[in-house]
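Heads up, the next two complexes both have chain A, just with different partners, chain B and then chain C.
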Partner chain A sequence: MGAGHAALLVLADGRFPAGGHAHSGGAEAAVKAGRVTDAASLEDFCRGRLHTAGLSAAALAAAAAAGVDPLALDDAADARTPSPALRATARRLGRQMTRAARAAWPSPELDALAAARPRGAHQPVVLGLTARAAGLGPLDAAHAAAYEAVSGPATAVVRLLGLDPFDATAVLARLAPELDHVAERAAEAARRAVHEGPDALPACSAPLLDITAEQHAAWPVRLFAS
Partner chain B sequence: MTTLLDLPAPAGLHAAARIVAAPGAGGRTVLPVLEGDGPFALRRLRSHAGAAHVCLVGAMSAPLGGDRLALTAVVEDTAALRFTTTAATLALPGRTGAPAAYDVRLAVGEDATLHWLPEPLISARGSDLAQTVRVDLAASARLVLREEQVLGRAGEPTGRLTTRLTVRRAGRLLFDQELAFGPRVPGWDGGAVLGGHRAVGQLLVVDPAFAARPAEPRLLGPTAAVAPLAGPAAVVSAVAPDALALRKLLDSAASRLNAVLQPV
Partner chain C sequence: MHLDHPDVYPHRHTYSAASPLRPDGRRRALRIGLGGPVGSGKTATVAALCRSLREELSIAVITNDIYTREDAEFLLRNAVLPPERITAVETGACPHTAIRDDISANLEAVEDLEAVFSSSSVGPLDLILVESGGDNLTATFSKGLVDAQIFVIDVAGGDDIPRKGGPGVTTADLLVVNKTDLAPYVGADLEGMARDAEAQRGDLPVAFTSLTAEDGVAPVRDWVRGQLAAWTTPAA
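Now for the complex of A and B:
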């Protein structure tokens, strides 16, 4: 819809200044616990994250891009995020993305969300509204959120384990068809949410991501913020 | 057995049970409705502090594939209900390969209390069960809800199990969580989701007292944590190698939340 692919590349670029590079998406805790040790276990980790927290985030982003009330989506995101550490992370990242987005694609909708949630709305909601401001559609927003769900951990594990960046990128390439599938599911759920509200969105969750986020937040020294 | 009109040729059992707990004389809770058919055999047990205690008696080899089970409990204003089961619920494969559905609907009124403490749900090899639990709480309602899923009997690969637990308080969404494990669920056993564990569970506590004194986030070993929700509630999430270890984690968490947990 609307804008072409270039705006999506700008938004999904790892260098987009929204602070995502400082977060491992739970990979740092998984490496410490010995659950991610190589490319194969990184792929299992990323696949699990993609189909749980990734799908939920992609659906929230797609729904925001589709014009569903962002404050209702922000409440839905709270209910889908039992971990207080992850709620705090999502809001911090949302605030950072809001700043970058308002500079890149000024929009009254982003201004209104920033005014209603001065401490930051959940990042996937901001991402979706940013996509909307950039003239992108719900499927684009879902792709950006789903990609972020796996690119964060893959990049972090290169630093945490000294994993070969070629191997980490190959993991992302192998996950690409599943990423497309997750984005399509998210966009389809967002279409339903336009009429039925946020309850129509998936609420997929990963127990270990929630539990270990609390542990990670309590570490005195860590490489990544989450 | 009841036949749903929209399913002219049911492949499995259709059964429903309904509990209504209401305030009676002298502050005791009475049970004006206690009915169940098929595998649902409900018993009234002795309880203390005026609450009613209903127990779902075991010996049910359901849900089988194709079954559709529905369990409803309503706790009216100021009543108190405790619900337990005598045995685990075992999801088994049916003859047709069709999935089974188990839908639980709970409503708790003002100043009412519900302790929903069933034994674990075990997903046997080849089974396919979708469970939904929806809870509607009044603003001053209190809830203690335990959910445990065990993936496979001893030494057995798991079946497919999906669950969705949705809790609303005063009409507002408080907690919404879907879990999915087993065949055709990508990544469920990886390091982000279960990391090789075979038992997963949670204890959800909703109490208006948390508004003034929120629960503190707390770690309970490497695979369990207490998390305050964005509302007057806390959830204990845990994964463990087996059902016994899981129950220990949840029980230890329950005792830590005792400040707001009153026995029912």
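Now for the complex of A and C:
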């Protein structure tokens, strides 16, 4: 393993300037629909997202960090993202992350991906390749992706509901053991994907997140971009 | 596993607004940010600047609406510029983050506009105006996003704002005090505002405007022309 944990802290910092602050990870739609109203329902929402879209994203990130062809992973990410709105979001965020990553950890692999996907590759793939450029391993990349899957919605719900920020942070802390577990599963799948290709990666999804993402994209007034 | 790239891989600093040149070596468009409190007249200033300069300059606008596309739609509805010259960026309830702490979405919008026009028969842009969502007195633009910034306040927001200072009032390249036509109605002391602004800003310029007046944007337009002249003149 190249780098120690410090690079992971830089990468997973909520202030890493890669555009995440403008996105709620589906939380805005869930709040509007009355499915997230307090800390308990936020925890349910985050748990659901972690084990579905979160696991898929973590596995893609881990595979990219493990050296699996990022373009093949980008196609695999498309196949795992049926909602056009979420595909667009993932690519937009991937492009923004590419910009930040190339400034933070210059790397020929990031340059090559940026050249091959000028409009942006899927964000988890870029995240994984960024982890690789930072000298981090697949498990680190999976942790970063899995954490993002829950920290984004939690931060958004603090803004959307005026939820007590201490309660929101406690939700994330309670989810930490499950997050570790999801990251390990993702890294294990990534190890297989090195030999078997992207088909070895999990393809979990949350249909309600896909459906509400499409609806949310059509709202005329919203606080978050997704 | 270790880093794939050896230490000889050069450090790059070309991913911010820092470089004034386009890939083809020519000077890119000047980027001017407009920030300031909600409702002070940022969009009205952008609209007036576009109307007044669009015959002589190729202009594009990026709006940072907080939760709607109102500013972009206002500019479209009023046919200030054709739609391909206006881009709306979404800021996730946090306008100052999008112009300062995490400028990635705005930079992408800037570069997309530049790329589209450079590769079209229209040719490259001269000026890109970036309007921030209305925010507080501490909201300023990153130097990585814009080359110069205008902070717009208005007399109705309280004539003590220049005295209070804050990063916007104190450091912006141009401070605009707008809606001077309303001064008599809100009891604003314009001379006091000018004195306070000078105390805060030293030699940095201040423009008093009323956009309801005929050619009320003139002082801002003249300042923009000056910035452009300095921008396009190669350094000696």
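Just so it is clear, the second predicted complex is superposed on the first by the 226 of 226 C-alpha atoms of A that agree within 3 Å, B and C clash if a C-alpha of one lies under 4 Å from a C-alpha of the other, contacts with A are read in each partner's own complex, and residues count from 1 in each chain.
Note that a residue touches a chain if its C-beta (ideal position, glycine included) is under 8 Å from a C-beta of that chain, and two chains touch if they have at least 3 such contacts.
Remember, it's a predicted structure, so these values are computed and weren't measured experimentally.
Colleague: Is A:V221 in contact with chain B, with chain C, with both, or with neither (first, second, both, neither)?
Modeller: After superposing on A, A:V221 lies in contact with chain C but is clear of chain B.
Colleague: Identify the partner contact of A:P108: answer first if only chain B is touched, second if only chain C is, both if each is, neither if none is.
Modeller: Only chain C; A:P108 stays clear of chain B.
Colleague: Taking the superposition on A as described, I'd like to know which of chain B and chain C A:A30 touches: first, second, both or neither.
Modeller: Only chain B is touched by A:A30; chain C is not.
Colleague: Per the contact definition in the header, classify A:R49: touching chain B only (first), chain C only (second), both, or neither.
Modeller: In the superposition, A:R49 contacts chain B only.
Colleague: Touch test for A:R95: chain B only (first), chain C only (second), both, or neither?
Modeller: After superposition on chain A, A:R95 lies in contact with chain C alone.
Colleague: Regarding the shared-chain residue A:L129, is it in contact with chain B (first), chain C (second), both, or neither?
Modeller: In the superposed model, A:L129 contacts neither chain B nor chain C.
Colleague: State whether A:L8 touches chain B only (first), chain C only (second), both chains, or neither.
Modeller: neither
Colleague: Could you please specify the touching residues of chain A with respect to chain C in the complex?
Modeller: Per the touch definition, chain A meets chain C at residues 1-2, 15, 17-24, 67, 92, 95-96, 99-100, 102-103, 106-109, 132-133, 135, 137, 156, 159, 220-225.
Colleague: In their complex, what parts of chain C are in touch with chain A?
Modeller: For this pair, the touching residues of chain C are 1-5, 9-13, 15-16, 66-69, 90-94, 97-98, 101-105, 107-108.
Colleague: Considering the complex alone, what residue numbers of chain B touch chain A?
Modeller: Checking each residue of chain B against chain A gives 164, 166, 172-180, 185-195, 197, 200, 217, 219, 222-225, 227-230, 235, 237-239.
Colleague: State the interface residues of chain A toward chain B in the complex, per the touch definition above.
Modeller: 26, 30, 33, 35-36, 41, 44-53, 75-76, 78-85, 87, 178, 198-199, 202-211, 214-215, 217-218
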